[in-house]
Amino acid sequence: MNLMSVTLTVSVLLFLSLAGFWLGRNRAVAVSGGRIANLHSVPNYYGSYMALWAALPALVLILVWLALRGAVIDWMVLSSMSPQQLESWARVMLAPVELEALLPSIADGASALTETSRQLLLINISNLAIGQAQYVNAGVIDAITPAANHLAQLRGLADWTLFGIVVALAGSLLAITWSKIGPEFRARNNVERIITALLVLCSTIAILTTVGIVLSLLFESIRFFTKVPITEFLFGLQWSPQTAIRADQVGSSGAFGAVPLFTGTLLIATIAMCVAAPVGLMSAIYLSEYAPKKIRGVVKPVLEILAGVPTVVFGFFAILTVAPFIRDVGAALGIPISSQSALAAGVVMGIMIVPFVSSLADDVINAVPQSLRDGSYGLGATKSETIKQVLLPAALPGIVGAMLLAVSRAIGETMIVVMAAGLQASLTLNPLESVTTVTVQIKSILVGDQEFDSAKTLSVFALGLVLFLVTLALNVVALRIVQKYREKYD
Amino acid sequence: MTEIAEPMPTAMPVSLHTGDAATKRLKARYAAERRFRFYGILAILFACTMLVILLSTLLKEGTSAFFQTEVKLAVTIDAGVIDPKGTGNPAEWDRGAFQTLVIDALYKEFPDVSGRTEKRDLRGLVSPVAGVRLGQMLDENPALVGQTIDVWLPASDGVNQIVKGGIDRDLPEAERPISDKQLAWFDSLEQRGDVRSAFNTTFFTASDSNYPELAGLLGAMVGTLLTMLVTLVISLPIGVAAAVYLEEFAPKNRFTEIIEVNINNLAAVPSIVFGLLGLAVFLNFFGMPRSAPLVGGLVLGLLVLPTIIIASRAALKAVPPSIREAALGMGASKLQAVMHHVLPLAMPGIMTGTIIGMAHAVGETAPLLMIGMNAFVTSAPDSLLASSSVLPVQIFIWADKPERGFVELTSAAILVLLAFLILMNGAAIWLRKKFERRW
Amino acid sequence: AAARDQIRIVGSSTVFPFTSTVVERFGQTTKFGAPILESTGTGGGMKLFCSGIGADFPDATGASRAMKASEFDSCQKNGVEQITELVIGYDGLTFTQSKKGTQINITKAQLFSALAKEVEKNGQIVPNPHKTWKDIDPSLPAIEIEVLGPPPTSGTRDAWLELVMDVGCKEFPAIKALDAARHTAVCRTMREDGAFIEAGENDNVIVQRLVSNPNAFGIFGYSFLEENIDKLHGVPVNGVEPKYETIASGEYPVSRPLFVYFKNQHFGVIPGLKEFLAEYASERAMGEDGYLGDKGLVPLPADKRKAAEQAALKLTPMARPAS
Amino acid sequence: MDSMTLNKPVQAAVTQTVKMSARDVKVYYGAKRALHGVNVDLYQNEVLAMIGPSGCGKSTFLRTLNRMNDTIDICRVEGKILLDDQDIYDPKLDVVQLRARVGMVFQKPNPFPKSIYENVTYGPKLHGLATRKDEFDAIVETSLKRAGLWNEVKDRLHEPGTGLSGGQQQRLCIARAVAVSPEVILMDEPCSALDPIATAHIEELIDELRESFTIAIVTHNMQQAARVSQRTAFFHLGDLVEVGDTEEIFTNPRDERTQGYITGRYG
Amino acid sequence: MDSMTLNKPVQAAVTQTVKMSARDVKVYYGAKRALHGVNVDLYQNEVLAMIGPSGCGKSTFLRTLNRMNDTIDICRVEGKILLDDQDIYDPKLDVVQLRARVGMVFQKPNPFPKSIYENVTYGPKLHGLATRKDEFDAIVETSLKRAGLWNEVKDRLHEPGTGLSGGQQQRLCIARAVAVSPEVILMDEPCSALDPIATAHIEELIDELRESFTIAIVTHNMQQAARVSQRTAFFHLGDLVEVGDTEEIFTNPRDERTQGYITGRYG
């Protein structure tokens, strides 16, 4: 796609939209008879009404066009080629077997080509069309030159067609909306309806994402469950990743019990929350209630840096600094601690998610109205009593939200555990041992050497799906709790 | 109340609040107060200490990467070598030959070096890609062709390590990347003043390379910038719009409850699964190119969307209803009440969500591996569809390189990423401060 | 399908550093843009490579093992009919320890006994009972077995199984006597009781952990040993120490060839692909003094190199692999 | 409209136009009924005072008149409320326009956390009542003067409205409501936070506004009700016990409960 | 303490003990001075009423008496305030104890977003005034009864306090303050949101509380001031213009401004 022409089209559209705003506004002022109050809505709404109608449908059109343009043009170019041209191209470029298969039906034109040859032909034509003849086999240049010219022409034409259609569409919509403007016209309601529709659209994106995730996991998961019984997967106590990763490899001790992975995930997430929840919440409280404004202004953003340190870095930190430290401490106490202990990974993950709790909780605590603090102080409460008994309950929904977000992050985090937690699945709740997590398995299987049909690769999708369902259940429970304990102020 | 009213019948009542019991109790309450406050300080100190440890380790290892050892050589730019066709057109130069010029200059510097292995050792003093640097100079100033000029060229990784102390020069020869002879040559160069440690501009002007002397972050930085741009443009408006709809407009019913749970749940989906989603939807279904910042941005945008929605909703919830009432009572529509009053008041919280979400996104690696953003790209991307890498992935890749020079580069890249993050968040933090108020 | 002016290459993470070096040189010294290279793992690369012909699919893929028949078939099915195979050199797999540790010599059979899930003990096949190296052989030190190695998802693990475990287990008669399936299972299953630690992706992390723990051993590619020779020591296997020379001569027993595969149909279509192959196969890249050697690739013997270069430049399509 | 004849004042004021009327209005908070069928009319250019003990439903009723109770999830309204003969609960009706026509001053002062100036100009801006800066300045000045706040705040117009004293905040809210010149103004205890002078000011304002608008006011101060209103409605436990000429209500209440409330009078 | 002799009432009430006294109290909001040197005494078992036009500093002064202004960042206090001869701004003094001894009811009702029951027990629990459930029950009942709210809420003690009507919320806040049995109670317009009956109730309560406590009350209602207080202080534009026996202030004010304010009287 020619970026220039799209940019041009969009700019013109933007201009039309702005013009629409101006027109609508002025028209509204004009029909108001000098008293704006006669209008149903403020003039800006009439302007916005026209601007939105000018821009939105045309934008949708551009997007659809962009999506379809390539395929349509390709099809038109190939159909323009004569069987003779095709044949002379094929004789040079195709392997004898393919050529033989093609020749009998060459009279049908491009539709006779296999997908592979079609692609090759298209690349040749495109290269020629953009003037890179040197990369095209000299023997075929003659045969495809007309097609290449056609392509170049079509591309230019397509861009201009789009331009024309867009301008026409926006223009006619401007005309229609213009004619609607009158003092009685409910511009605000109309604009708000459009905006509300956009808002609804935005909130459905979350749903679409979920649907997308479920769909991209579901089919492969089903295939996995045809290979491994779902009961074994859900309730099996052993996860042994040493199965064949390729068909020609001999598998051994393949066990797909996901329980150890989930307990590992929960163990590490729990440890992380044991660090993040108290540290984050206490930090938030200190920042919003005790710390002088200046300190708060500095410390809060500083803590937020923690959330942005690349997780790979935390992984190194865990495996090279924290884990040996914990191991040494254990050795000094005579406790054997694995060098990939869940503790190290969990603690580091906890540090990473501290700002999720601290910053978000700080905001909601800060938002509790001052009058509630006054009420409590006025009764002779100390700061901590006020915080514990008035502010935290009032801010509970937000705090729980922050905690949920932190837990979510802990469960879904990948790189830290990939580096710091083990890869061997053991079913244990001992934080000093090494465990593995769902995300570790997903990541190592996906980026490792893989074959797409092995149970092992497919298990990734099942893991993802089940993790999705488990967190879903956790969230439902959390929602219920919040609904029950929410204290509404004001 | 009877129990309370009783002890104060007389003209001069003893207060409930000054008696011994009360004082004792007060003491306990204050102790609790102090403890609580102490926990707060402790929490902050803990978090800050961890950050300081992290940063100081990075600084310790990374700062040296900002400097590079360079060696001065008198290079004769032989037109016959670099321009065998004699066209005089820089586009026709044999770019592989620049290294030959460098090596020739090196041989000239040490004329008594002979023999295959010895020569090979000598070549090991300067970077095997020093010729690239020379080429860049000539591109800027083609008039130099035919002259003999003194140029500062990057030393090899081994020399660099010795100079910076990454490798101990007192180790036995077999355990060093540099032989005794090389050390001797290097020392003689140093005595002549032909060695210097210069600011490593390459680090900011070049893109990925297999040679630490030549590796830079430009490509990854531009890639991150483009990706984050897409992420922000996707996630902030959509996230805020969704939050506004759900919190202010949507009827409170089963359906919205489902959406709410669903969004919370999305936050818990492992980031790598978002990578799978991107692979399935954007690459396979929509046919977008691999390794493109556009796709990376879209995937990360979806990834941080729940964070922004959840934070924004919490912030909207915290705005007292009386503000909405006041606006509605003035004849504002619901949308106007939200836009004019509620949203500005919720801005600090929304900003926090955005900051944290973007911070998450800027440091994310796993999903990008799924959509091919771990590509080796030696030039900065020039569009949203060009192949590119991003900083955390670059860090991930460099961290896995065997060459010792990449250890310090990795730390330096992390520092750059953090600087990037701080810059990015700085604006948002400033905005958040502007909006913050108690009422 | 739009024209593409850059070569796209995917494939093995082991081959990645070598291909990327060629890519970089190619970009610097020719007028073609530098190819785009992605590390996807051998299998992932094969899948992408064999998905089809055209601008949307990669032109070449790196592999740390030869293409399998099944992969070749899938290529054929998708129209990728002619493939050029280029052997680029060898990669030595090293068994490494810290310089500070007690230095040992080891055999493949001992390695098998240390790392397999089931071993032969007194003619019986039993779950691996060995806790310390001394348990395996009195000549070895009495330190606990702790080996950091690649996860089962990596090609390096495959190679280790094939080159060490398979060979090592041949020396045990009771195992040899097992039926084929059981035999392979015993030979190729690593122990899971903590003595062998799957250390994940990052070999530098293994290096650092070896340095901090002198009693531990690690398994990784030769280039990492070479770069960290001031801290690490390559354990001689069957008496041969891993060194550039011993690997090149084939003396060191744990090394494997590395490959890059090209789509013939893309030659003459994707700009620069042919030139790229020529650069890769050239003496200044793959040769004795080639720049790939500096990156840790152990070159092929001269005659094999010539043959490989010739075959590549002629674009002779490979035949279907035997397995 | 048949029930209208039940209301005594109709005969008393034949020349008056009905601006708003409530017919059998019942309000529920969840399952709890807060109003049990209220019938009352608001006449053009008149002030209706609503009195009654705390918690009897005065605020609730007031809020039904401009549909501010829409904002309370659990609140449900039955019955009909007409504004200029148009049912304000008609789904087709634009509640925004309704609220612009029927302004409200709340029981608890709730200034926007913006400057005093912006607090006042908010409504006019919203409804396009002015466009130029000087027009806005004029609106701000007259509105604040009308609410008797001008002298106190004229030097700090750009400081936040939330930094004012309680009474000042309340007057700011009144100024804000007046600035949009609604047709009906609902005031929920507008003077409860005010000192006598400010109260007098507001009462004068009400009297002045009455000339052009219709006003409903909730008050606990019976003197105030007597002073400013033409008609008074007495609520008790969710019932509208009695509505009629203010004088009559205060001197000659028909219901015992009214009698009891009035005679227990103070202030 | 020399300035104390300036205040007339000292002679008039020789038998009375001074509970609190303010000496030359100046209060600043940022650079702006809201009080310009106030001298006044609160006597044991007496009610001091503070009157004055809106924005004159009544609330501000009241808040200095239990250091509630500490919570306003920009607020700064100069001068001395003594409680039982102890300077309450002494850094060594404990503000928590101070606030337990000097309770406060705010101008805007601010119930906690908790149940009515918890709202009332909040203070007693803090100060350990009760431990057993039945003790708390008793406190809740007496406090709510004293505030005249018991009958209205006794069936919904466990519903949120924020769901009450404005006047009910205010009475809840009074009940909450009374439940702690402070020595001094500061009330900022406690009756502004109340109907006459509830007001009467509160006034009775004040009278009853006076027997054991010291009370300061801000009010706009001069009748109320006259009814409940023994002494009255008149504020104007940040000055304490005059303080003295209520009767005298109302019948024979010495300052012109007081005169003007009183005679412009309403209500």
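A few remarks follow.
For clarity, chains are labelled A, B, C, D and E in written order, and residue numbers in each chain start from 1.
The rule we apply is simple: a contact is a pair of C-beta atoms (placed from the backbone, for glycine too) under 8 Å apart; a residue touches a chain by one contact, two chains touch by 3 or more.
Everything numeric here is computed off the predicted structure, so don't read it as measured data.
Between the contact lists of chain A and chain B, the overlap consists of C, D, E.
Among the chains in view, A has its Cα centre nearest the centre of the complete protein Cα set.
Comparing mean CA positions across the assembly, the chain most remote from chain E is C. Inter-chain spacing, taken between the CA centroids of chain C and chain D, is 84 Å.
Remark: chain B and chain E have CA centroids separated by 57 Å (rounded to whole angstrom). Between the Cα centres of chain A and chain D there is a gap of 50 Å.
The residues of chain B that reach two or more other chains are 17, 29-30, 321-322, 333, 399, 439, listed in rising order.
Touching of two or more other chains is recorded for residues 188, 316, 369-370, 380, 382, 385, 418, 447, 489-490 of chain A. The set of chain C residues touching two or more other chains comprises 40, 56, 201-202. Contact between chains, as defined at the top, is found for A-B, A-C, A-D, A-E, B-C, B-D, B-E, D-E. In the complex of the two chains, the chain A residues touching chain E come out as 293, 369-382, 385, 389-390, 393-394, 487-490. Partner chain B is touched in their complex by these residues of chain A: 3, 67, 188, 192, 195-196, 198-200, 202-203, 205-207, 209-210, 212-213, 215-217, 278-283, 285-287, 290, 297, 299-313, 316-317, 321, 351, 354-356, 358-360, 362-364, 366-370, 380, 382-385, 387-388, 395, 397-398, 401-402, 404-405, 407-409, 411-415, 418, 438-439, 442-443, 446-447, 461, 464, 467-468, 471-472, 474-476, 478-479, 489-490. Those residues of chain E that touch chain B in the shared complex are 17, 44-45, 94, 96-97, 100-101, 124, 126-130, 135, 138-139, 141-143, 145-146, 178-179, 181-183, 212.
Considering their complex, residues 70, 74, 93, 95, 97-98, 114-117, 119-120, 122-124, 126-127, 129-130, 132, 134-137, 240-242, 245-253, 316, 319-320, 324, 338-340, 418-419, 422-424, 434, 444-445, 447-452 of chain A touch chain C.
Within the complex formed with chain D, the residues of chain E that make contact are 29, 51-55, 59-60, 107-109, 152, 163-168, 171, 188-189, 192-200, 203, 220-224, 227, 261, 264-267.
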